[in-house]
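In order of appearance the chains are A, B, C and D, and numbering begins at 1 in each one.
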Amino acid sequence: MLLHLLVLAPFVAAILMVATSKEDPKSSSRLAFLFALAFFGMSIANIAAGNNATEAYEWFRIPGAKGPVYYFLNSNGLAAWMVFLSTGLSLVALITARNTTCKNYRNFAIGIFALMGAMNGTFLAADAVLFFFFFEAMVIPAAVLIAGFGGKDRAKAAMTFAIYTLVGSAPMMVALWYLISQSDSSLVLSLAKTLQSLPEGAQIAILVSFLLAFMVKTPIFPFHGWQAISYSEAPAPLSAILTGAMSKAGVFGFIAWVLPIITLSESVLSILSTMMWLGLVTAVYGALMALRATDGKKLLAFSSMGHLGLAVAGVFSLSEAMLPAVLVLLVAHGISAGAQFLLMGIAERMTGTRELDKLGALSRVTPVFGTLFGFVAILALAIPGTAGFVGEFTVLMSLWDMGPAPALVAGLCIILSAAYMLRFVQKVIFGEQKCEVTGTRMTALEGSSIGIMGVLLLVFGMHPAFITNALHLFDEQVIETMVKLTEEKSAAVDASEELGEEGAAPSSIPGVETENDEKISELKSNLAAEGLSEEEIASIIQQIHEMEAEIAAEDAVEGGNK
Amino acid sequence: MLQPMYIQILALVIFTIGLIVAVSRRNIFFVLMGVELALNAVNLSFVGFAKTLPSDMSITGQIVPLFTIAVAAAEACVGLAMVIMIFRNRESVDSNDFTNLKG
Amino acid sequence: MTNLPLWFIPLFPLIGCIVLGAIALISSGSKKGPSEGIVGALSVLFPALAFVSVVLLSFNMPEGGIRSTLCNWIDIPMFNVDIGFLFDSLSRIMLLFVTGIGTLIAMYSLGYMHGDRGFARFFAYINLFLFSMIVLVLSDSLLFTFLGWEGVGLCSYLLIGFWNHDVNNCKAANKAFIVNRVGDIGFLLGMLLLMTIGGSNILNYDALNAFINMIMGSAENANIVVLILSIAGICFFIGCTGKSAQIPLLTWLPDAMAGPTPVSALIHAATMVTSGVYLLARLSTMFVHLTAVLHIIVIIGMLTAFWAAVAGLFQNDIKKVLAYSTVSQLGYMFMASGAAAFDASIFHVFTHAFFKAALFLGAGAVIHSLAGEQDMRKMGGLLKKTPVTACVMIFAFLAIIGIPGFSGFWSKDLILERLYMMDWVVPVEFTIPLFNLHYSFEILMNQVVYVVGLLTAVITAVYMSRLIILTFFGSYRGSKESEAHIHEAPATMLIPMVILAFGAVFAGYFWADSMGIKYFEESLAPVVGAAQAVIHHSEAHVGAAVFAGLGTLAALLGMGIAWAKYGKARIPAAKGSSAPQGKMATWTFFWDYVHGVVITVVNAIAWVVDSCVDKLVQFAQWLVGGIAEILGDGAASFQVRKVRLQIALSIAGVAALVIVVLLTGGLI
Amino acid sequence: MLALIYFIILGVIAVGSALCVLLSKHPLYGALSLVVSMLSLAGIYGLLGSPFIGVVQIMVYAGAIIMLLTFVIMVLNAAKDSKTPMFDKVSLFVIPAALVLSGLVGFILVRAPLAFDAETVRGSVKITSETLFNVAQTGPGYFVLFEVIGLLLLSAMGAAVLMAKKRLGTNEEEK
């Protein structure tokens, strides 16, 4: 239920927002704030609920595919934290947007809610087609918001953003279609099984087209052309969401949709190590570009590109510690980069410029803003004790597994990040005053919400178990459902083997199941002793299985009703 | 004897004429009339086919044309309104002049 | 009182930081600022509480130290680190003077920072610094130490750039942080290296020691482990060079004098910069097995000490002289660590903290009384006008140059003695091919190092005497109107100075080797004693009196030279900036040039990336976009303005399709 | 046999008036020919045993739609314009294409076996209304469709009014 709400309710909220007045930003902002707060609460409840999944509903059938497409949502630790980012950042974005885009706040809120719903869908989808649907759907509200509320170059930015990301995922669509035309359903398990049965050339082609889509979204080095302009032209609250949550969809895709389905053959491994190096190149590239950036938002855009490059490199180090490390890094980066974009937006609102050379001395003019700015920048530097440090250090550790060279490059990035971040801080809040503060100053609500983000970073930094513990629970239940759905299509699948291949759920199939199996084998021997033939025994066992399935289904229905 | 085939052929002929009117005439009123004619032909074909079916199924064939007629009425209504609007703006009924919608 | 939890010690400054930070933040809007009385009381209270709890714990510390694990920090596959504290004799010594001097300097700052707009903010930073420093020395694992390690770097950044309206201060702060970051990466890589051989548990100091002892006990695969450990040791040493301003990462420390003077005294002289020495002592079990690394440390320490001492001669800014002097003294400490005399190096840290803090505070008082003037050429004759300050500084001066009886004498003497006792001989063999001459001899490195150390002591005496002469003797060289304003510092500043001066004089008696007092050595023995016993010392001991005599001679010689050169000479009137010129600048800023080259290279790469690679990517993007646009225009020309033609075409298309289907027999 | 004769007469009228629509120069004449065509088609519906559709055809098409069309043609004075040619180059292309298409469809059609069914139902008002509105018997499908059509007509009316009304504040003389 929670998952359905998280995915569908934002769209409903967007529709409800239509009913509010366009002329009166106050009332609409209050409503939007309440909605966003509710979603944020839901996302926290979702984290607390651990792994959970909805029933798999048949959605539609794709021509050429053997199985149907399911509407099937599934939340695990990774997805739950990503949803946390998307709802949390949307909440703060809606708060700060109050004073930035007050003229047409209602439409802005509608766009943000639609974006939030699509992002949640992306992170929670358990079906590849559903995932792809939301993955593409994310682009549209974001592009519309850029075009509607952006800076001077907004039309170009929106076009670049939309076309780049949509075209980037086109090869993935083709690959996905080919894959599901071969497989029983579009769930991860059957995709993995199908991919592994394909010839190697086809495997590589599919892998590369999947990687391409996520590389564009993240973005990774040669495909980053859309990023700087979109982030800098988008309204600051939206940039915060884009970098804090939406760009995570790329890394999420690598983890959730690429790594589980591939076989680690020689050539695949070489592609993966190329990806790791590309990630590192992106990290260095982003840092160097940030060193030279003269536009505050561009600097932040390149900085987040650098951090995500590091995260991607961490993902493809394939180390055992990769998942928690990358997750912590992603959450930390999402919060800190989001907060920085919001603060930069407030600075732009106050002074009317985001040129670094024209800003300065904001810490003396507005001390609270300056303090907050410095505080968040320091948190973004990955000082130990902040979540960024835990993430970067553990990612560095994962990279160390691949050899000293990647770790050294990552270390270089960390040094460079200090260099550009300090330059940024110095240019914006220190030095001589070069501009008048004319716009609305930071309000208490904005300040406190960004401050809370900073405190969260500290909390996660000192106690990352909040994040990493979410990954300790494996989602057996979901995999079982997937196996069941897969079995309905092809009876010949051996469930236990499948589980073994997946690797995520080791031998711990719930006790009930094994108990039943024992009983059945007992029954089997008894029946055989009574002289029944093989086929009769088989049919009886079949009946028992069916009865059990029915009972289980009834139980599930009752549980749902409760 | 009257054969169902005759009805279909009549419908085909009227449909063809309607199509030709709709596409080849440049006057916008003729375009609309051509569309109406083609819709009529489809209705006739529907009823004609319905008569070749046994009782239960033949009812469907005689009810769908009702809806088609209703839709045609709506279409004519909106279409004529558009014609009025366009004519007011352009002073022309030549469909070749209406090329605002270029990519 | 042993049941006082260890985490109380860092807790107090942390609370102080949060409370003062909140006060600073809340009051930032008001015109007047918070009441200095309340803020001042709070800001001295919390460090004092920490100091009291350290003292209480110190008295009842068992031999092996106190260990306590607070909670788990990071727990992921392959990596599990706890937050834990280790209170043993090493951290006891460090904590005692960190919190003690911290409290004194907080008190001093009350007077120094009086009337400053960021009064509360300053003390929030100071408290945060103390928290980080306490964590650094009190933690029981490398990773948690690293938290403090970067934390003190951060505070140093914040405090150097405290007066942030001047861009130069910000640049100095940035430089300090970035250079420290370079060192920190060394620290990080060192940790990773250790983890590759021993898993994440090895980050705990106790586990590390046990591991090393185990490995060294079984001689089988010790070689490869020693190799890895050596690399890790070098990485850690890089970290130390960053934090403790050794070659090549030392340029930030002189620039760091841009911060308020109490900060220079606390962070950049007494405590933070010595954390590198602390780390070496903490990891002594590891380092004593790495002879090559120890030799590198000695060489680096020697070069730094000598270079910085010479650079100190050229400075006109009173704080810069002290800064280079600090670098030079740190060089001594590293030399001692490299000679595996970790207790001696910590002892020097201890005495140095007192006399250098006293010197800095004295300099601060001088600057305060001269209303911000830092150029020594414009001072002079202050002995009469500010007698207390002058006395404090002169006592500290006598301590630093090593006059017998003062604290610096004991520690420096000890270091030089240990250096001489080092067993390190470098065989040199070379042939000159043309003449077919073959030389083969041995360099007794212990003697070389000793001589350089002694020479450095002479130079130290010269530049320190210069400072004292220029500042306190002669006649006042500043403008007349400024002379009238010269006044002695307020009591809140003088009391800490006097206490520190006492420390500068008497701190040495904890380990007066020649007098047979070895309290300090004995108390440190549980931590570093076992490690130091591993190293083999040469037997070439000449006798304590000789070393003491030579050391004293060096100090007197230096004073004599300085008196001869500066005592009567007319000091040229100050022109322009206080920075050294010409060849002196080349010497002083040599490492800045080296850094400048690195920065230029990075900037050049960034330029290439920005203007070439990125443009190339954009060009590719534009090319693809352009091709798509042209194709699209081509396709669109079929599309627009010809609705009827298109319908006709589609009719024809349908007809064609039907024909095809008919001909291929698909339908009927 | 009589039915065939009626059918031929009505069919010839329908096709002939449809041709008149194609060939008439003034839209008004076209509209009037269209009425004739509609009427004869209504006759054919009656002949086939669907009188209700026939009546609806007369009422809606011949009555409402064509009347509306005629009205609009008359209101817009310039409906007849001498500038617009009846046929042009495109028409030369369209007519053969359409003819070929219909020829092909006819060719396929005549080869299909078709025969009237004896049990077929007369599309009377009673049957039609029962099918449409007796939800209990035939299920809600048609009823919902009927309501939806109502909505469609309503919205079409609204749209038409919105589009065709003169914009407030615009001056027609300017154009």
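Structure notes:
Keep this in mind: a residue touches a chain if its C-beta (ideal position, glycine included) is under 8 Å from a C-beta of that chain, and two chains touch if they have at least 3 such contacts.
Everything numeric in this text was worked out from a predicted model, so none of it was measured.
Distance from per-chain Cα centroids to the pooled protein Cα centroid is smallest for A. Centre-to-centre separation between chain B and chain D, using Cα means, comes to 5 Å.
Work out the mean CA point of chain A and of chain C, and you get 40 Å between them.
One finds 88 Å separating the Cα centroids of chain B and chain C. Taking each chain's centre as the mean of its C-alpha atoms, chain A lies 51 Å from chain B. Looking at chain B, residues 19, 23-24, 26 sit in touch with two or more other chains.
Among the residues of chain C, those in touch with two or more other chains are 644, 647-648, 651. The set of chain D residues that touch two or more partner chains comprises 90, 94, 98, 101, 105.
Taken pair by pair, the chains that touch are A-C, B-C, B-D, C-D.
If you check the complex, the residues on chain D that touch chain B are 1, 3-4, 7, 11, 14-15, 18-19, 21-22, 27, 30-31, 34, 37-38, 41, 44-45, 47-50, 52-53, 56-57, 60-61, 64-65, 68-69, 72-73, 75-76, 78-79, 81, 83-88, 90-91, 94-95, 98-99, 101-102, 105-106, 109-110, 114-117, 119-121, 123, 127-128, 131-132, 142, 145-146, 149, 152-153, 156-157, 159-161, 163-164, 166, 172, 175. Taken together, the chain C residues at the contact with chain A in this complex read 24-25, 28-29, 71-79, 83, 143, 146-147, 149-151, 154, 157, 161, 164-167, 170-171, 173-174, 177-178, 181-182, 185, 188-189, 192, 195-196, 602-603, 605-607, 609-610, 613-614, 617-618, 620-621. On the side of chain B, the complex with chain D involves touching residues 1-10, 12-21, 23-27, 29-30, 32-34, 36-37, 40, 43-44, 47-48, 50-55, 58-59, 62-63, 65-67, 69-78, 80-85, 87-89, 91-94. For chain B in complex with chain C, the residues that touch the partner chain are 19, 23-24, 26, 95-96, 99, 101-103. Those residues of chain D lying in contact with chain C across their complex are 90, 93-94, 97-98, 100-101, 104-105, 107-108, 111.
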